[in-house]
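Next come two complexes, and both contain chain A; in the first it sits with chain B, in the second with chain C.
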Partner chain A sequence: MKKIFALTLGVLTAIGGFVDIGDLVTSAQVGARFGLSLAWVTVVGILGIMVFAEMSGRVAAASGRSTFDLVRERLGPRLGLANLTASMGVTGLTFIAEIGGIALALELATSVQRFLWIPIVAALVWLVLWRVKFSIIENAFGLLGLGLIAFAVAFWQMGPDWGHLAEQAATFAKPGDEDWSTYAYYGVALFGAAMTPYEVFFFSSGGVEEGWSERDIPVMRANVFIGFPLGGLLSLGIAGAAALTLGPLGVDVSSLSQVGLPVATELGKIGLAVALVGFFGATFGAACETGLSVGYSISQYFGWQWGKYVTPTQASRFHAMMLLSAVLAAVVLLTTIDPIMVTEFSVVFSAVALPLTYLPILIVANDEDYMGKHTNGVLANFFGSVYMVIVVVASVAALPLMVWTKMGQ
Partner chain B sequence: MKETYDAALQLLDRQIIASDTRMVGKVDDVTIERQSDGTWRVTELLVGPGALGPRTGGLIGFYMKAVWERLSGSTTGEPDRIRIEDVDHIDNAVHLKIPRSDVDVEGFEVWMREHVITRIPGAK
Partner chain C sequence: MRRDLTRSPLIVVAALLLAGCVPQSPDQDTFRDRSELAIEQTVSAVESTLLVLRLLMREDMLTNYAEIAVHDAQDSLSAASGGYDALNPPRQLDQLYSSTSTLMSDASSAVTDTRIAVSRDSAGDFAKLEKQLSKLAKDLHRKLEEVRAR
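Let's turn to the complex of A and B:
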């Protein structure tokens, strides 16, 4: 019974925790402009994150080593440092975007300006990282994030023409008034949002925090193989709802209220409240995850003691880094930079940094010294290799597309 | 023990873990000494930016070491080290025989603990 409970909790957490500000904003933007014609990218992205999350989780369970620990071991100090800088840039950007997103949501709910909320939110996030137990961080916000189901419900309630949508999704039918270059740009952004590097840093470090051993591999797999696809459905629900309500109006999503509009029009105030709770849970949870990931990655590169399983005095540098990032995030956001724009940048730079994150995982998952009998099988290596190609293509294409399309305009 | 050992692959950049399971650093570099029988032997693990800087090389490596020297107050510029005698065994990490409190390679950690972390309520 206890096992079933743990399994259910893990899966629910994975569903609610799958979506973050990047997925939310990008899905809504893409839905409004491209309908479901880019839905295939979300599916490809979800499958990709499943492949590599399972791999990094297996490495953590079999060897007790988390992803960034191995990055340096396999790439050496120089390339490792370049990797650290790149991933810190992306994860830091995502961290800023999440905090900005929470502040925007609070502005929406209270009509108090976001600049007043930013320091409060940053302080709250830090307080959670400082005091709250790891398992609670992971589960509580994941469960709150389930409120995003309101989007999927709204989408269902709209009674869409399923046949038409399926055709749109299956034929990659780009709307006539959009260029192929913007189509490709948003495809890369969507892919970057689904496969953000911090997810595997957090997932594998979390495995070490919770002391996973080989016996935990089946549960870990259940979380990944059941929770992630269902979480991905939430992304598709957001895109679908945006496609049906915002698409015909020609709205180009540039603010958070537009993201929530489909739920508000379809399900009214209560629906919007549930969606807001979901939004808050998902982004606050992701803010904690990215904040932790910053601490994890730097500590793991230099070999410092890290983790929530020891007291802050035993991992002083780890906690100092997280405190510093919370302060920095607040400072950056108080320059009046637009959080939605930060989000757009973060998903594109995610796509750029992908190969640096996933290649070391693939290499180590094939190393018998670490993995013993849990070394990659044929299936994992097949998908891993296919995805390395996709990830490199997305990474190379991301920046030129961003410049060429002027960020999708 | 294995007969041959690729120190560059299997020792460098590995995590060092003290006997109380706490992490103390990475193997940033090693010192090797020639034995009388002509073989080479690893005698010390070098830990911290003082060792990592020179290994990284270039401008970044130079500043990594320079900043470390200035902040640690080191006069010799010699990196922190752990004697190989204190190593218990090596698998996917380097495990020490001694607890973390007996390893003297964490100047930055100690400074952070004393000046920042313990001053915040709830650090324990």
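Let's turn to the complex of A and C:
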């Protein structure tokens, strides 16, 4: 019974924790402009993150060591540093976007300006990272993130023409008034949002923190193979609701307030309040994950003592990195930069950094010295290789598309 | 010789920065594209405000949320009209510039009025504002189709 409860909780938190500010904004933007014609990208992205999350979780469980630790040891400090720089740049940007997202959610709930919330939120995130237990962070915010189910319910309530939507999703076509370049740009952004690098770092480092062993691999796989796709359905729900409500009106999503409007249209005040809780849970959970990922990755690369279970006096540099990140995020956001714009940049740069993030994981997962009998099999290598090709294409295309389309204008 | 080489990139950078400070004078095609984008952004802001207002009238919207949503629409409208007003239109497209600017200005006034009414919770003004925004939204959609058709 206890095992079933743990499994259910793991799956639920994986669902609630799957969506972050990048998914929220990008899914709504894409839904409003392209309907469900880019839904296939979300599906490809979810499959991709499942492939690499399972791989990095297996690495953690089989070797008892985290990704960056192994990457530096296996590939040498130079390639490790390239991996660290690319991943940290994106994770840092995502952390800023998540802190901004929490402030925006609180602004929507209270109508108090986000600039007042930003320092409070940054301090609160740091405090939670410092003082609150790992399992509580994961479960509490993952469960609060389940509030985003309001989008899926609203989408269902709208009673869409499922046949038409299925046709739209299955056909490789764009709406008539959009360019192929814009279609491709948003496709890459959506892919970057689904495959954000921090998710695998957090997943594997979290596994090491919780002392995963070979016995935990089935539970880890259940989280990945059940929780992630169901979490992905939330992204599709956000896109679908935006497609039916905002698309026909010509609303181009440029703020978090617009993202929630479809829910209010269908489910009224209560639905909107639930969605707001979802915004808060999803962004707070992701801020904790990205904040921890910054600390994990840098500490693991340099061989410092790290971990939430280690006291701050023993892992001072790990905790200092998280404190610095929170201060930096607040400072950047207080320059009045739009958090939604930071989010847009973060998902595109996430796509750029993908090969440097995932190639080392693929290499380490094929190393029998670390993995023993859990070395990648044919299936994992097939999907891993196919996805390496896809991430390289997305990475190469991301920046030219961003410049060419003026960020999707 | 060495000094010349180090100076030349600086001159190029300075020239590019100065060029960025001069109001742009786009050609006709570019100006039409910029007008289309400005109208699209205005449509988005007006329709968002209208949706929020209708939800408030149905009592399906949280007041705090509504205030911020309308404020966001006003911000995006300000950014759009700021960018558009900074353009120097080609002489042949003066009419397009003038009609687009007028629509954007009307939209800005209507959204500002809505923001004030929402923050004051003046439910009595909502019906009048809803009518005004609906008409504006129709005009904007018509204008957008007109610009796209050219």
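We take it that the second predicted complex is superposed on the first by the 409 of 409 C-alpha atoms of A that agree within 3 Å, B and C clash if a C-alpha of one lies under 4 Å from a C-alpha of the other, contacts with A are read in each partner's own complex, and residues count from 1 in each chain.
Basically, a residue touches a chain if its C-beta (ideal position, glycine included) is under 8 Å from a C-beta of that chain, and two chains touch if they have at least 3 such contacts.
For clarity, every value in this text was computed on a predicted model and none was experimentally measured.
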| item | value |
| --- | --- |
| Side-by-side fit of chain B and chain C on chain A, or clash | fit |
| Chain B versus chain C as contact partner of A:S316, first or second or both or neither | first |
| Touched partner set for A:G211, first chain B, second chain C, both or neither | neither |
| Touched partner set for A:P400, first chain B, second chain C, both or neither | neither |
| First (chain B), second (chain C), both or neither touched by A:T110 | second |
| Partner chain in contact with A:E73 - chain B first, chain C second, else both or neither | first |
| Partner chain(s) touched by A:G372 [first = chain B, second = chain C, both, neither] | neither |
| First (chain B), second (chain C), both or neither touched by A:D177 | second |
| Minimum distance between Cα atoms of chain B and chain C in the superposition (Å) | 21 |
| Of all residues in chain A, those that touch chain C in their complex | 107-111, 177, 245, 249-252, 254-255, 257-258, 260-261, 264-265, 268-269, 272-273, 276, 409 |
| Residues of chain A that touch chain B when the two form their complex | 63-65, 69, 72-73, 76-78, 80-81, 130-131, 302-306, 310-314, 316-317, 319-320, 323, 369-370 |
| Residues of chain C defined as touching chain A within the complex | 37, 40-41, 43-44, 47-48, 51-52, 55, 58-65, 67-69, 72-73, 75-76, 141, 144, 148 |
| Contacting residues of chain B [partner chain A, same complex] | 10, 13-16, 22-26, 28, 47, 52, 55-57, 60, 92-93, 100, 108-110, 112-113, 116-118, 120, 122-124 |
